[in-house]
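Both complexes below contain subunit A, partnered by subunit B and then by subunit C.
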Partner chain A sequence: MDTKKIAYLMLNEAGIGVVLVFLCLVFSVFVPKFATMNNISNIFTQISINTVIAVGMTFVILLGGIDLSVGSVLALCTILAGLTITKETLPLGAAIPLAVLASMAAGMACGLFNGWVCERWKIHSFVVTLGMLNMARGAVLQVSNSRTIYSFPKEFNAFGTLSYYGIPLIFIIAVLLVLIGHFILKKTVFGRMIYAIGNNEEAVRLSGHNTKIYKVTAFVICGATVGLAAILYMLRLNIASPILGNGFELSAIAAVVIGGTSMSGGKGSLIGTLIGAAIIGVLNNGLLLMGMSDFARQIVTGAIIVAAVIIDTYRARLSKMLS
Partner chain B sequence: MKKFFAVALLFALALTMCGTVFAADKKPVVGLVMKSLSNEHFKKMEEGVRKYTEEDGSYELIARGMNSETDIDTQISIIENFIAQGIDVMCIAPADSMGIAPFVKKAVDAGIVVVNFDNPLDKKALTDNGLPEDFVYVGPNDEYGAYLVAKYMGETLGKGAKVILLEGSPGADNARQRQNGFLQGVEETGLVVLADQTAHWEIEEANTVLTNLLTIHGDEVQGVITAADGMAVGSIKALEAAGLGGKVLVSGYDNQDQVRPLLLEDKLAATVDQFGATNAYEAIKVGIRIMNGEKLSGWIKTPSELVTKNDLK
Partner chain C sequence: MMNAVNDANILSIKNVSKNFPGVCALSDVSLDIRKGEVHVLVGENGAGKSTLIKIICGFHPGDSGEVLLEGVHYAPETPRAAMDAGIRVVYQEFNLLSYLSVAENIFFDHLPRKGPLVDKKKLHDDTVKVLRRVGLDVDPWQPVELLGVAQMQLVEIAKAISSKCRVLILDEPTATLSPSEISRLFDIIRTEKQEGLTVIYISHHLNEIYDIGDRVTVLRNGEIVGTKSVKEIDIPQIVSMMVGRQMESEYPFMDEFKQTDIPILEVKRLRIAASPHEISFALKQGEILGIAGLVGSKRTETVRAIFGADARLGGEILLNGKMINILTPKDAVEHGICLLTEDRKSQGLILDMQLDCNISLASIDKVSKLGLIDYGEERRQAERFTASLAIKTPSVSQLVRNLSGGNQQKAVIAKWMFSDANVLIFDEPTRGIDVGAKYEIYLLMWDLLSRGKGILIVSSDLNELMGICHRIIVFSEGQVSGEVLRPEFEQERILRYAYRVS
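Moving on, here comes the complex of A and B:
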């Protein structure tokens, strides 16, 4: 491999990583205690849930779609899992796996509905998932009677604080998911098809492939990651609430887009998404540690998101020149 | 022509039916306009008020709420529908202290007795819309409640103890009042504020913000004062994760069901109860008294009480 090719690969796969490294360096210099193991471990925990949701969101966006319902569906999943886990008639050994199953199933069912409606009637996912955002929120308020569920079994809560060498368990789960997703996207036929359809759906369809199956599956994958994120949320905060998750869709979309995935589909990677989520997490953490006020933090975070994507357009040009 | 008659007949029928319904029912109709029913505070309020109404039996209740805390449009349409319906008394917890004032004026002009509760209308917005500045308001004093809990924390921790404050959404009136109350209590008892940050009433955000603040202040913080129980729950999790569980005193606000076990386990030091349902019922009774000719105005205070573990027994 010559240097040109290595530079090309670095730019293409992890270009936005430069921004992350830069931010970390700046904060390390100006914010005492930023670069401590403890603080980094905190950031890992804080970005885990967004990362997991953003993995599913990446599949959907790679196909040129969008899923606005993830925040509401997340709330629905936590409540269903919370109801299962606190059911007294169930022995604990069964309640925990059943709760995970309930959460994943609910997420996947919502995803299946989103994908199926989009494909069956050829409606843009923006509209369908906007509808689902409301339906899931209404459903969860109905099911829970707008009450929060708490007092999960101690055995369940214990998982939430587990960490290995300072790396929290929930972050390990998130990274594993990114790696599995990355493998699927880059090394399997299914993954190649996702990119192909995202680039030119018509061409793929005309070459005799059933594109619908792939698009619906992407939504189901997104639902599944939301179901998993719901369990991580419950592990982290030991609570299931019908009003949580407002605005989570925007954080997930931001992570995906900052990570270099094109909103029109066909281009992007999950490693980029992980870096995107990390950039958001590092910004929230570092700016707060600097003692910046909430208002100023919002302005700076927003500006850096835009700046990161502008830098990304230069990266794309540079990588085109190199290839 | 036949169609026209059919439609006209239907209309006439519908009108007489409405007429008979109203004629048969001499009880005053009270419209209760709440904020978000997805908020446990208002959900409990709704259930409580329904129970009181059943026991009382002297009025008809129509309770309405919105989907989200800041959904001003929906609240305005609820008010307009009440005006069209011609109810007798309207009790309203405004979603926006200023934006709702013109519609309160509309309702007043339509002959409805309006009582403001839960969240006070802005004084300037009231006078700007031709309403009296001392427009009747039935509700708790958030500033006082917040002062109570901050003072309790200060007395328990002792002078010079260091605390972190987690506030509600900036811009919300009750968030601002609670902040003022906290600062009064903190000052009076000589607490030192390490940081005063918002967590927008959110559990997850409170967890994140406090975790990050603990990175700087973890070895000196002795107390965390929060403006909502949910934020207290998020804070307690953050402290536990940082190995400070049980070492730092945490307070909440609202006395929601979810904090009961936390109070009993000494994880939460205190919270404040503002009795949402009794407050709304009080507002309804005030409205009926005004309808019957009494002159009431200004702030009719409802209680705010400090709740600690000892109060649960």
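Moving on, here comes the complex of A and C:
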């Protein structure tokens, strides 16, 4: 293989991964504590939840939609799961699975509502999910009486600290989810239709497919990942709270977009999304270790998100030139 | 002839080459365009015609060679630069902004102003004026997306001639027009020519060469085969220059091939939103039924309603004698009815996906098991259709966007051939396809007929309909105004029905 071909492959297959590697190298050189086993394990933990939500978000964005409600739906899911798991009348063996079920079901129900309203009345998901953002937040404050739930059984909390060879369980779950999603997008008819509809919905409809079903399903998938993310959140922080999750939608969207998925739909991949989430995580962690203040960190993270996307447009052009 | 005297070249193309990944689109092309002539470019699909045009009008640069405009080196970096140099193009694919009005589209580059605001009155009046020149009768404030393709084509032409231009380039302008609009267009070209305009004209309708052309250049596989004055050459000669062999006839109508009397698709008292009338007709097994009519006679609206693409207000559709309820295209496809839509770019293809994905789009079940796509099978099937339709592409993994216009059209045909439907409704199926390939497609249609299918064709090309159909029904203002059987095919008679003169 000549260098041109290697460069082409790197640009196309690794894509935004180059940026991630570059960031890691820079931090490793300038921040002594960055490249330690402990810290890397920390980063893994920190990015897991965002990664899981971003997986569902990728499905929705690939169809040209968006889901702004993930943050407050996540809060709703944690409270429902928290109430279930702390119910004294339930034996532990039943409470934990039921809690997971409650969380997933709540997430999927919200997703179903989002998708159905969008398709039934042909409203852009931006508006519908903005409404859901408020509804879910109101609902969760109502259900929980604005109270946070702490006292989970210690057997449940124990899962949260599990790790294998320094890799935390919740990160393994997140990566597994990415791989499953990637398989669905690339190998199944369902995935093919997601890309096709994102590119040209009318052509897909006129080829004899029910595009509405696919679109609603994508929102349900997004809701399911939020339900799963809620459980991971509880495992990690051992609380369920009606006020958590603010701004989660923005981190998830940022991960998806940095990962190279086009906001207008039809183009992108979950591997990109995983890398996007990792870039955000590495940045936050590295800058914190450098002792940067919260505010400064926000500025730099924001700027680098924009920069990453700009670099990506050059990457696309460069790879076109090389091809 | 005037231009014979005036020998000065307005455009000289010298040794221009252009390569795309895996494709040599133009190799060492040299061509002179004389001032004031109508120069016709012909060639098979993928021969490089559009590529040459795109180099002249600054869409993309050539790899080597140069272009002289009135003897001066000319290399437009952007379409805007070419426009400023007086070169205007009507591209093969539509480039209108669908949410803007007709008026805004036409004058997009030079909106009349009153201070910082758009002078609406002048815009309206100017638009009415150019629309009259191209013979299009629509409200200037109507959004372009509500127009049919033929009307869009006329808007494109109006846009090109709305400002002063020296060279007008038309890439297959007549592909979507019906005879009356075509002759209108030719009148426009003749008038403009008298005022000194030079025209480069691309078409797959070879008879048009004699209507307006002065000279004709044939391209094959990215090379110039020759340039001739139209007086020195006839159509069979042009065809053999294009395809590199002789072609006997344009249409393979096999007389021994008889349709049956069994109706396969019956449309009874169909009501559509666009027409106050009821529409009834039947398609028989083994038959090619043509639908003729003027642009705007609601042929497209009718077939879209049958297919479930648009709402049906009333009436029944019977398939093999049984009433079926089609509410969406999905229902239609499941009943074995397919529709090839007239606008391939927005309704037929997914431009940014590969050719094989497009071909399998309507038959994804045939290349998948338990919801998993069998990529090998998909590829093999796509290659089969690419070969039988002679789609020119380096591989089936090519993005459809990168195919030439005619090859894109073939991709849509391949999609529906693969779906193996029993009733095939084709709306302008051979639009933009070269003569040789058309012939192959007609043969494929005959093959479908021999397997007991029925084909319904909407076409604005009357010769095509008369060449391949068993029967033609004529539409006029949203109703069936006449029916003609093959032995009685006669252009005049069909047009009479179309215009509703008795």
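Everything below uses one rule, namely that the second predicted complex is superposed on the first by the 310 of 323 C-alpha atoms of A that agree within 3 Å, B and C clash if a C-alpha of one lies under 4 Å from a C-alpha of the other, contacts with A are read in each partner's own complex, and residues count from 1 in each chain.
By our rule, a contact is a pair of C-beta atoms (placed from the backbone, for glycine too) under 8 Å apart; a residue touches a chain by one contact, two chains touch by 3 or more.
Remember, predicted model here, so these are calculated numbers, not experimental data.
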When subunit B and subunit C are modelled together on subunit A, clash or fit: fit
Partner chain(s) touched by A:Lys215 [first = subunit B, second = subunit C, both, neither]: neither
Partner chain(s) touched by A:His182 [first = subunit B, second = subunit C, both, neither]: neither
Geometry of the superposed three-chain model: angle at subunit A (Cα centres of subunit B and subunit C, steps of 10 degrees): 130
Which partner reaches more residues of subunit A (counting touched residues only), subunit B or subunit C: B
First, second, both or neither for A:Ser207, with subunit B first and subunit C second: second
Partner chain(s) touched by A:Tyr233 [first = subunit B, second = subunit C, both, neither]: first
Shortest CA-CA distance in Å separating subunit B from subunit C in the superposed model: 37
Contacts on subunit A seen with subunit B and repeated with subunit C across the two complexes: none
Residues on subunit C engaged by subunit A in the complex (per definition of touch): 21, 307, 309, 328-330, 332-334, 338-339, 341, 346-353, 357, 361-362, 364-365, 368, 371-373, 415, 419
Complex contacts: residues of subunit A adjacent to subunit C: 187-190, 192-193, 195-196, 199-200, 202-210, 266-267, 323
Touching residues (chain side subunit B, partner subunit A) in the complex: 37-40, 43, 67, 170, 195, 197-198, 202-204, 207-209, 211-213, 215-216, 230, 233-234, 237, 240-242, 256-258, 261
Of subunit A, residues touching subunit B in the complex: 33-34, 36, 38-39, 42, 45-46, 137-138, 141, 145-148, 150-151, 161, 233, 236-239, 241-244, 246, 284-285, 288-289, 291, 294-295
